[in-house]
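These notes open a run of structures that come right after.
Both of the next two complexes hold subunit A, though its partner changes from subunit B to subunit C.
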Partner chain A sequence: MTRNRLALTLAAPVLAIVVATIASAIALVLTGYAPGDVLSILADQATSVRDLLRTVNRAGPYYVSGVAVAIGFKMNLFNIGVEGQYRLAGVVAAAAGAALPLPGPTRVIGILAVAVLVGAAWSGLAGLLRAYRGVSEVIATIMLNAIALGLTPFLLTRYFEDDSEGFAVRTRPIPSGGRLPFLDFLIPGGAPAGARFNPFILIAIAVGVVYYVLIWRSRFGYDLRASGSNPHAARASGVDAKRMTVIAMAISGGIAGLVGLSTILSTPYSYTEESFLSGLGFTGIAIALLGRNHPVGIALGAFLWAFIDVSRTALSSATPPLPREIATIMQGIIVFSVVIAYEVVARIAERRDAAEVARRTEDPPPTTEPSTAGAAS
Partner chain B sequence: MSGLLVLASTAGAAPDLASSGRGVNSNLFVVIAASAIFYGTPLVLAGLGEMLTERSGILNLGLEGMMLMGAVAATWGSLNVGGPGWFALVAALVAAMVAGALVACVHAVLVIGFRVEQIVSGLAITILAGGAGLSSYLAGSWDLSRGPVPHRLGRFDVLGLGDLPVVGPLLFRQNLLTYASWLLVAALWWYLFRTRRGLHLRAVGESPATADAMGIPVERYRYGHTIAGGALAGLGGAFFPLAIIPLWSDGLTGGRGWIALALVIFGFWRPELILVGAYLFGASASLGLTLQARGVEVSPQLLASLPYLLTIVVLVAVSTGWARRRVGAPAALGTPYERESR
Partner chain C sequence: MATSTTAAAEPPPAAGDRPPAVELAGITKRFPGVVANRDVHLRAEAGTIHAIVGENGAGKSTLMKILYGMQRPDEGTITVEGEPVTFKRPTDAIRAGIGMVHQHFMLADNLTVLENVVLGAEPKVPVFLSRGAARRRIRELGEAYGLTVDPDALVETLGVGDRQRVEILKVLYRGARILILDEPTAVLVPQEVDDLFRNLRELKQEGLTVLFISHKLDEVLSVADTITVIRAGTTVATVDPSEVTARDLANLMVGHELPTPETRESTVTDTVELSLRGVTVAGAGGKPALDSIDLDIRRGEILGVAGVEGNGQTELINAVMGLVDLVAGTITVGDDDVTTWSTRARREGRVACVPEDRHRDGLLLDAPLWENVALGQQTRAPFVKGRFIDRDGARGRTERIVRDYGVRTPGVDVPAGALSGGNQQKLIMGRELTSDPRVLVAAHPTRGVDVGAQAAIWDELRQARASGLAVLLISADLDELVGLSDTLVVLYGGRLVARVDPATTTLDDLGCYMTGTDPTGGPVGSEEPS
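Here is the complex of A and B:
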């Protein structure tokens, strides 16, 4: 029984990888490219310290974004609004980080706190709307995204812009106390030319630890998971579902607020439209799906996603050049494969459990179909 | 979602609809209203598509991806199909609908066949087909940005009524797809509320188990309306290359798919209200630009956010008891239907 369980747990990701590889190869062949060329580019990349470093630097923000989405998923809440939350949090935190009168390294804490608070406030709105007004959080967060995307450039140009130098629209640079040092010393043999180890990875790791402890090792996390998997039972055991919705959304948004800080706490130490990373909110959804909301799974998903991202440059500079959109298509196919694989495997597991229960109780199966026994759980 | 930022900038590429009008027709109100209808048209089409899909109980968050695929197909058609201009144009529109329908097919198979979470499948489709994915890939390999599309939906002056004061620019100087969208609103209203099939559709969306017991083929209805919804989204996407931005650029729908999604809620799943909502959104897209062009100091970014704020306000307003009883989402929206599972 347990061996079967393990086999089934591993079956989904293996199935997904096989399907994704075959589907990507077919897509390449159909559009007239050789899958082998892409594969060799990816293989080269896996052995290049420089490319791996770029991958890790990209994976950090993806990981935080994935965790932010996953916290919502744990309670059956879809936080589509990470995009707006981290942008708004990023611009406010950058401005506050330059302006707050904080001594030395406490400035880093101040920036983190502002980012978390802004993100939490923005997503908390969606939580309040959902809990007390019955507005779907999917729609509310999509709307709040759009508003944040208008509000952010408005705040930047109207209130936060640094007029002292140049033409670039940017916030005032963060003073040295609010800057995290590069981690180049951690790379064996030193950092390769033109690449730095962004310290944001430390924040990503901290987020992962907090996520694990909060969700799987605390009373709050237990209540949250209970509300997610069986709201009626949770309510019966005294969990205030509305309060839980607001808190879960706020935590999700608070984590989301941190997503964009890799360019605030590290180079260029200010918010500019060019340097601030965009589109991480949506990627976070994909990554949470890939990682099945598990802290380690999300890390693997973030790394995989970033790895394919990094291949874009190599793809378009290959001879003959390969279209860089292939990377996005591979990512899309991977998401689809994972989603389908887990669904199929869950269906099989369900059926098998039901058969097992029926066999153990030595009762003839009830009149309903066997698959329904699992569905009720 | 970064596409939303493009919203304000792409809007500037549209023709000044009332430029040829004189007197009252170049009045600020008329100009904004006429371009609201113009910009609102793709929203009407995509919104009606999403409404059909949601009426059958299927939520489709892949709308933006479907619109972009429609836009790619339409650009391809207009650039590559030979023959007379009208023929190429029809081919472009048909290609757009087919492209949208094909993507919707994927969604339908995933959520109806495999019972994948509908929100997940929709988002995956937007990631796959969206601004940085399949649509850009196809546009790149077909070299669609080699020049502006040769065959476009021009302004179509009905019976020379276009110069009438006020109503001329609004009602008689639009393009054919806009007129088609008006017919579609009427047709879908009739379909939903005056035909047996429409009644069955609403039953499937409200209570699939009851519908099934009545002998309505639930799955067939869901497949059919999801695919039809995708075709309309594709048509809405076609409006961008054929009427607004003739030169292909990646992600040119600029997040309108998300607005269309909001519109369906905003319009309480009713065709005529979706039309009104679409024009409100269209007006806010053009308002900022028009005001700026006339030297009025406003923040275009904040103005562009206004309809979203309005949507939230409307959602809060209708969440009161009375409204919730009268105008609700299809009760089974987002939940898969499995025979005998309850």
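Here is the complex of A and C:
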């Protein structure tokens, strides 16, 4: 029975991929392209160490962003503000990382701490507004996003810009103590030319472990999930709902603060408008949905999303070139397929359970007649 | 006494030669781990009140949900007014003239009566809701069946009796001719039950058919034309109420004797465990919801609070549990002034609570049973070790509760929402009583549990009292109040208007106090010094 259950758990993602593949193929055929071409590009990509490495490097920030959103979801809070939180945290952490007088590798800790604190403060504002002023966190985080997206370049050009160097707008480079080493030594046969293994993946893994332990194993996580599933009952059980809202938002934002560090703790070791990744916050929402807020699910979602991202280059450089928008369409289709697949599998599971009961209870119902006189049936 | 599985010996007059309103044949429904219904046969004549009784988890609600299209039967057929039907969803059942009022109310608190009634009753051609027409129709229905409620009142301001009427109006508004009521009287005090039954008889007079589930056998006998008994998911008998007694029914259901909540030998000590002084809580419209309440409950004492719901019970519970701010007054537990303590601190100080509304305040319906048992004690052993959840400890405690309190469930990992209403209640009772409380606030502790389990819960309460528990008992069931309480007070309009001796009081006197009149004539003043 447990093995069957495991099979059912795996059935959903497999079904989703099958459905997504078919739907994408239909979309390609309808637009006049051969699905086979795209498929062979993707297959090539899946066997290329270089492309896989790029995928993993990209998936790390996606994962952290997905977890940040998922923490909010666990308490029915919709943190749309990951975008603003990580950008603001990124620029401040980069500037602080260059400026703080920290000895040796403690600089890394300092950068992480600043990023978490800035992210947490920014989203905590939305949490406070929600808890004490009843402002929807959706509205508040959208507004805070707008402010952060203006504030970030302002801070960068006005206060944090490194004028010692050419025209590039960037913060001062982080000294060596604040740099994480590449993980190339982990790749069997060494890193392929022109690709490096970004150490950010370690931070992503740590975030995943913390997320799991915090939400599913800790007392705090219990309170948080209880508040998400029934706020009235949680309050009656002694959870301080307002405090919980603020803390959950702050944690979500704190994790969000880490999203942008892959280009700060690693090359180019500073915040530049070109290298700093944008849009990860919104992608995080889709990835949290894909992974159903589960630490492993989010990892798979992040990897899949990154894999398709990477295919864009190969698609447009194919002969004849294929439209890179196909990748975006596939990503959209995957989100839909996952939602549908989970629903279908849940129904099948329910029906199977019922059949199982039927099999085990084939024997006729108890026919003990009541002892009272006259009560015949 | 003559009984049969088909129609009652003498068909009730209203039945005439109409086809039976509902005929269920061979209904079987399985859930993961349990068979909820197994080959059920039931036939309800048109224009009658048909009661369904049975133990907790016997499958009553499931059967009615099948008839209402909320669940699909695995086997069996449904015939409505002579026509075979299959319902895929409630909308199909509504179209066939069937309406259901659920065991747990499903009204939107922040909407008005009118909005609630109209909600979901798909507007016809014009997409916009004509409030005028709807209001008129609600008034008409209300007058026709004696269900008077102000269409523009906010639902959150209504007491349970009125909410019940809104639920029924909602169903009638959609044109139901067959009404299903799942435990409609569980939360009502006797006067309200009388009102409801008057409404039901009126509906019957108009030719409507009522199917209703109840654990209160006396009520069933007084209002039903036919009674079907369900046991372990299957129909075991259909009887005529004039030919059976409550005792017979209980025997048919469970084979238990009818319990009586007697508790005469006093265990009251001198140590005051819970004390309220001048407790005042703000209410709507400037009038305090709770007005200068003074109460003392000693170790080993059960203090019963009688009253029609909506007279301050909710606020009283919330005040003791720290869920509402006091305007004035102090609350002490033992030697501690807990007035400013948080809910968590009070819980940790061993103040336990069985909430009024188990779905709203007592359960995480989609979480497993063991997580539900941890609720309220999530800072204490055996549910946590340090800052982490102790899953094994929580499962162990849950298994114990399931065993000791007779919770019918396939396991401790099923979601709480999969338990029947009465079994959810048993789980909550078990959770609170095993939390080693010194003070227990128990609101309707046996709401929705069957007669057998009721006796068991009463026993547990008496035992806990004998070992020193102080209980604040709030209940709509006067027999329960009188039978369990050492002291009985009456709450009316947010004030304690009477203190009576449960050994000598009569239900009539209590009823008078509860509606704000003094049994000796005239309106009641404040509580007399006892």
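Keep this in mind: the second predicted complex is superposed on the first by the 325 of 377 C-alpha atoms of A that agree within 3 Å, B and C clash if a C-alpha of one lies under 4 Å from a C-alpha of the other, contacts with A are read in each partner's own complex, and residues count from 1 in each chain.
Everything that follows uses one rule, which is that a residue touches a chain if its C-beta (ideal position, glycine included) is under 8 Å from a C-beta of that chain, and two chains touch if they have at least 3 such contacts.
Small disclaimer: the values here were computed from a predicted structure and weren't measured.
When the two structures are aligned on the shared chain, A:Thr31 is found in touch with subunit B, with no touch to subunit C. Residue contacts after overlaying the shared chain place A:Asp223 against subunit C, while subunit B stays out of touching range.
Shared-chain residue A:Ser237: touches subunit C; no touch with subunit B. Contact comparison for subunit A: of subunit B and subunit C, B touches the greater number of residues. Contacts of A:Ile147 after superposition: subunit B is touched, whereas subunit C is not reached. Using the contact criterion defined above for the overlaid structures, shared-chain residue A:Pro323 touches subunit B, although it does not reach subunit C. When the two complexes are overlaid on their common chain A, residue A:Val335 makes contact with subunit B while staying clear of subunit C. When the two structures are aligned on the shared chain, A:Arg133 is found in touch with subunit B, with no touch to subunit C.
Common to the subunit B-facing and subunit C-facing surfaces of subunit A are residues 369, 372, 375.
Within the complex formed with subunit B, the subunit A residues making contact are 31-32, 78, 80, 83-84, 129, 133-136, 138-140, 142-147, 149-151, 153-154, 158, 278-279, 281-282, 285-286, 289, 323, 325-326, 328-329, 331-333, 335-336, 339-340, 343-344, 368-369, 372, 375.
Only residues 1-2, 4-5, 61, 110, 114-117, 119-121, 123-124, 126-129, 132-134, 136-137, 140-141, 255, 258-259, 261-262, 265, 299, 301-302, 304-305, 308-309, 311-312, 315-316, 319, 324, 338, 340-341 of subunit B touch subunit A when the two sit together in their complex. Those residues of subunit A that touch subunit C in the shared complex are 216-223, 225-226, 229-230, 232-240, 350, 353-358, 361, 365-366, 369-377. Taken in their complex, subunit C has these residues touching subunit A: 1-5, 30-35, 38-39, 74, 232-239, 243-244, 248, 251-252, 255, 321, 323, 342-348, 353, 355, 360-367, 371, 374-376, 378-379, 384, 387-389.
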